[in-house]
Amino acid sequence: MNAAFVARRVVYGLISLAILSAIIFACTHLLPGDAAVTILGEGASSEALAALRARLGLDRSFLAQFLDWLVGLPFGAFGTSTTLNQPAGPIIAERFRNSLALAVTTLGVAAALAIPLGVAAAARRGSRLDGSILAASYVGISIPDFVVAPILIIVLASPPLSLLPSGGFVPFTESFGGWLAHMVLPVIVLTFLLTAHLLRQTRSGMLEVLSCDYIRTARLKGLPERIVLWRHGLRNGLTTTIAVLALDIGYLMGSIVIVEEIFAYPGLGRLMVYSVANRDMPLVQGSALVIGAVYVVANLFADLAQGVLNPRLTRS
Amino acid sequence: MSTLATMSVPRPPRANYYLVIGATLTALALAVGLLGLLYSPYAPAKVDLLHRLAAPSAAHLLGTDRFGRDVLSRVLSGGWRSMTLGFGATALGLAIGLPVALLTGFYRGRLDQIVMRFVDALLSIPTLVFALLVIVGVGPGLPQAVLALGVAASPKFVRIVRSAVLDAAGHDYVTAAKARGEGALYIQYGEILPNVWAPIIVEGSINVGFALMGGAALSYLGLGTQPPHADWGVMINEAQKYISVSFWPLLGPALAICASVVGFNLMGEGLRDRLHLRSSLSDV
Amino acid sequence: MSDALVEIKSLSVSFAVGGVLLPAVRELNLTLSPNEVVGLVGESGSGKSTALLAVMNYLPDNAVVESGSILYRGVDLLRANRATLDTIRGRRIAMIYQDPTTALNPAMAVGAQIAEVLGQHLGMDGEHARARTHELLRLVQLDDPPRIYASYPHQLSGGMRQRVMIAMALACSPDVLLMDEPTTALDVIVQAHVLALVRTLHRQIQSAILFVSHNLGAVAQLADRIGVLYAGELMELGPATRLLEEPQNPYTRGLVSAVPQIAARRLPRGIPGTASREPLRFSHCVFADRCAFAIDLCHTDRPALMDLPSGNHASRCHFAGEPARISADPRGRSASPASARADSGPLLEVSRLSVEYRQGAGFLGLGRARTLRAVRDVSFHLPRRRVLAIVGESGSGKSTLARAILRLEPKVHGRIIFEGEDVYALDAGHLRAYRRRAQIVFQNPTSSLNPRKTVAEIVAKGRYEKMKAKHA
């Protein structure tokens, strides 16, 4: 894999991040109503408002504010939360860690479930197995997380079973068991949805691969179906699957918002909802940026991985 | 006559199943949404404290909620709001995405590159998060939610439509139109657009379902439909606190959402197979 | 033909489409003896590819084998299970495909794709397989085998990929080679090379070859015997030379006279009508509707495949054995020799034309792009009412040249003068006027007509514009 390919991808990623931050910043400055009023309230005097605006840097031009924010980012300076009156950076970092734990676990479980099932369904297209897998995945993507979650809470986290806590969080350092227990239900809900999503995409990716001419060539070379599937099919199917995994991280991040809210899990998603509801701009900007950045980085790695698997893609 | 063991060359799935089931569910959902505008067994806000959280009965087909309000009535009357979220967001997304896709797909070159970089960056924000970003800018509420979801959906449409446009633009009939001296606008809307309807319809159908769900999520979070109005998302939020006592107030809106989403999805998939159906007669 | 290697007996295959059974191959009888080359020719839809795939028992899901068997060394391939087929495919019967680009796995080095056949069937280990693969690559006239071995399909040219496929097919020295239109996807010159290669190899390796093609000329170069298929039925089967020189079936005659002959300076003749895709009935000769010699009998009775007295030659025609009845051509035609037309002044003059492409707009529109010269310093002039043919391989720039003449290329060097005016200097109005007088017919009818418009809309648009201009 050549250096030019890697360099190009990395630069694309950086540019995406730059554009992303511009968009996010722009969104948070859409409405004329400003943060100073939100903080001090409607009845504050105009001098107090002006003073606060100056202190927060709100009286400068849009571009100046943006650049100021942008420059601080690589150093972890996300501004100061207007509602909590603390630096936004550490808050976001901590929440990010918690969300990451959820995301990584979910991704692992979902991939382990969905990829083999998707391959199996594609290999036996039209069979009952395929039909039931397909049906399950349709249902899975149609049930919103905020429906699955309460049901699970009722079943598992309430009397009579009360196996798991219905919400909240225990830090890893305090108690490993507690930490784990609080993650189980959110992960289950997230996995449910992600698996359904991933399943469909793996299946259709594999189906497309299996309809290609080189699969026919492989079979007519006298290779047993097992080898045809694994050596010829999967190698190309994997490329699609990796692309799909990266895309689904975005999907996952979206679901995380709701799920964390339901389970009162202190992650980035919950932070985002809180900060949007309270119009705490620095937090909104910071969380949105981190969420988007996760996606960009994931896609970068996916691109590089695909380049390794299928060298044809490294041509410009 | 016998079909001997043959190696499978993929056959298109039975589109009819998907289409039929999907269309039925969609029609049902639409009926609920529209019907609710006109009629419901009880006034949706009618409180009946004597029959709170009741199980279904002849009087209340889906039970009652924590204020004794009839669940079915609320599902019906709130339905149109959820539908508005779904259709409105999709329409807006297309209204933004379609012209952009036609422009970039037709002109290509530097403009295309820049716009696509932009679109790719937008696509890295999950739809719900993007919607939240817009909401933080314009505030909560039903029309705001439609705007947010619509804007959030447009990059996806640009991507999908653009690849269909690129495909069509590569065909000779576009070159022939240029050779005839046709104007750019005509070529985009008169020659190319008629050929890209298929993916638009498919993705549009599917998106209505997801926008509906996204809208319900926003309402659930308190950022969509505002009280005292209700839609399915709000209903679920209200219901979940009392779920240990009665799950019926949850079930009503949940079923409505699921049925709608499944319906739109299946219809979209069925349409996809129908519109791209290739003859299964292999090239003899 | 007691020592036939492959015997196709009374094969009938139909396809289930939308609840109806469409016949593809009907009662085909064909044998392949060791070492012989049999060509199977026919138009698209004649059933030749289906017959070929049937030999490998690789028919689509909706194919129904209504009757018949295909015997190879005593095994009925149509009734064999996957395990048995796996021992025969690639090892004893191998296939060469039409499109080498899609037939090779893009994610695997080509050498590995050849070596795995050796490993699977001959049990060769890594080292031996690699060495043998190098030998095979040399056999198909590819230089630098180690480099080719490590290459991916996209790094090789079309001709090289086809050679790789041939090497892959020959790896285990199969008895039978099936070739499915192996030259259709290639350029004329590359085609010739590949055919020559196959001819050379055939002398060396002694496999029987079943060669399917719609290109009678290509088949003629290789085949010992030729079978002609029409609408799923074998119309004629006989020794190649005799069949081509004295066809004993009206359809074959039609095919032979449709082959363009450069030296003859005569227009080729087509066969009127098109092959029907409707479910046909067994009650009459399939070709009767288009046959110039058909009589009532042909429309009511299906002729059997009758052996001819000359031996080893059969024809499905009521007039088989009476060549005189089908030799007089009721529609004699010859083109007027081109030189008879009067010459006139130059209409179009192309002077030192060069067209360049920028490929890869660099990075975000910045950076260096590569320039590709599609047309380089071309000059010619075209007088009125004359026909100038521009011939070249793919990539030679002929399409670009044509588009440039119509000013469909954004930027060119050199000049194109039409009736004294520089085409690239015309203003919008004059350009439109020019384009009304200079028109283009594209290669692919399917893609040059907008599928969403009716024929009337497509044709009338031009006319409408013309009329609009007249009355403007």
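In order of appearance the chains are A, B and C, and numbering begins at 1 in each one.
Everything below uses one rule, namely that contacts are C-beta pairs under 8 Å (C-beta built on N, C-alpha and C of every residue); 3 or more make two chains touch, one makes a residue touch a chain.
Source: prediction; values computed, not measured.
J.: Going by C-alpha centres, which chain is most central here?
T.: Here the chain at the core of the arrangement is B.
J.: If I rank B-C and A-B by number of C-beta contact pairs, which comes first?
T.: A-B
J.: Using mean CA coordinates as chain centres, what's the chain A-chain C distance in Å?
T.: Comparing mean C-alpha positions, chain C is 50 Å from chain A.
J.: In whole angstrom, how far does the Cα centroid of chain B sit from the Cα centroid of chain C?
T.: Centre-to-centre distance between chain B and chain C: 46 Å.
J.: Could you work out how far the Cα centre of chain A sits from that of chain B, in whole Å?
T.: Those two chain centres are 21 Å apart.
J.: Please list all residues of chain B that touch 2 or more other chains.
T.: Residues 7-11, 117 of chain B touch two or more partner chains.
J.: Which chain A residues reach two or more other chains?
T.: 15, 216, 219
J.: Provide the list of chain C residues touching at least two other chains, using ranges where the numbers run on.
T.: Only 58, 82, 364 qualify.
J.: List the residues on chain C that touch chain A in their complex, please.
T.: Residues 56, 58, 82, 85-91, 94-95, 97, 99, 102-108, 116-117, 120-121, 152-154, 168, 360, 363-364.
J.: In their shared complex, at which residues does chain B touch chain A?
T.: Touch list, chain B to chain A: 7-11, 13, 117-118, 120-129, 132-139, 209, 213, 216-217, 220-223, 233, 236-237, 239-240, 243-244, 247, 250, 254, 257-258, 261-262, 265-266.
J.: For chain C, which residues count as touching chain B in their complex?
T.: Residues in contact with chain B: 15, 17, 22, 24-25, 44-50, 57-66, 78-79, 81-82, 232, 361, 364-365, 403, 406, 408, 428, 431-432, 435, 439-440, 442-444, 447-453, 458, 461-462, 465.
J.: For the complex, give me every residue of chain A touching chain B.
T.: 12, 15-17, 19-20, 23-24, 27-31, 125-126, 138-139, 141-147, 150-151, 153-154, 158-159, 207, 210-211, 216, 219, 250-251, 253-255, 257-258, 261-262, 272-273, 275-277, 279, 281, 284, 288, 291-292, 295-296, 299
J.: Taking the touch rule as given, give the residues of chain A at its contact with chain C in the complex, in rising order.
T.: Listed in rising order, the residues are 8, 11, 15, 212-214, 216-225, 227, 231-232, 235-236, 239, 309-312, 315-316.
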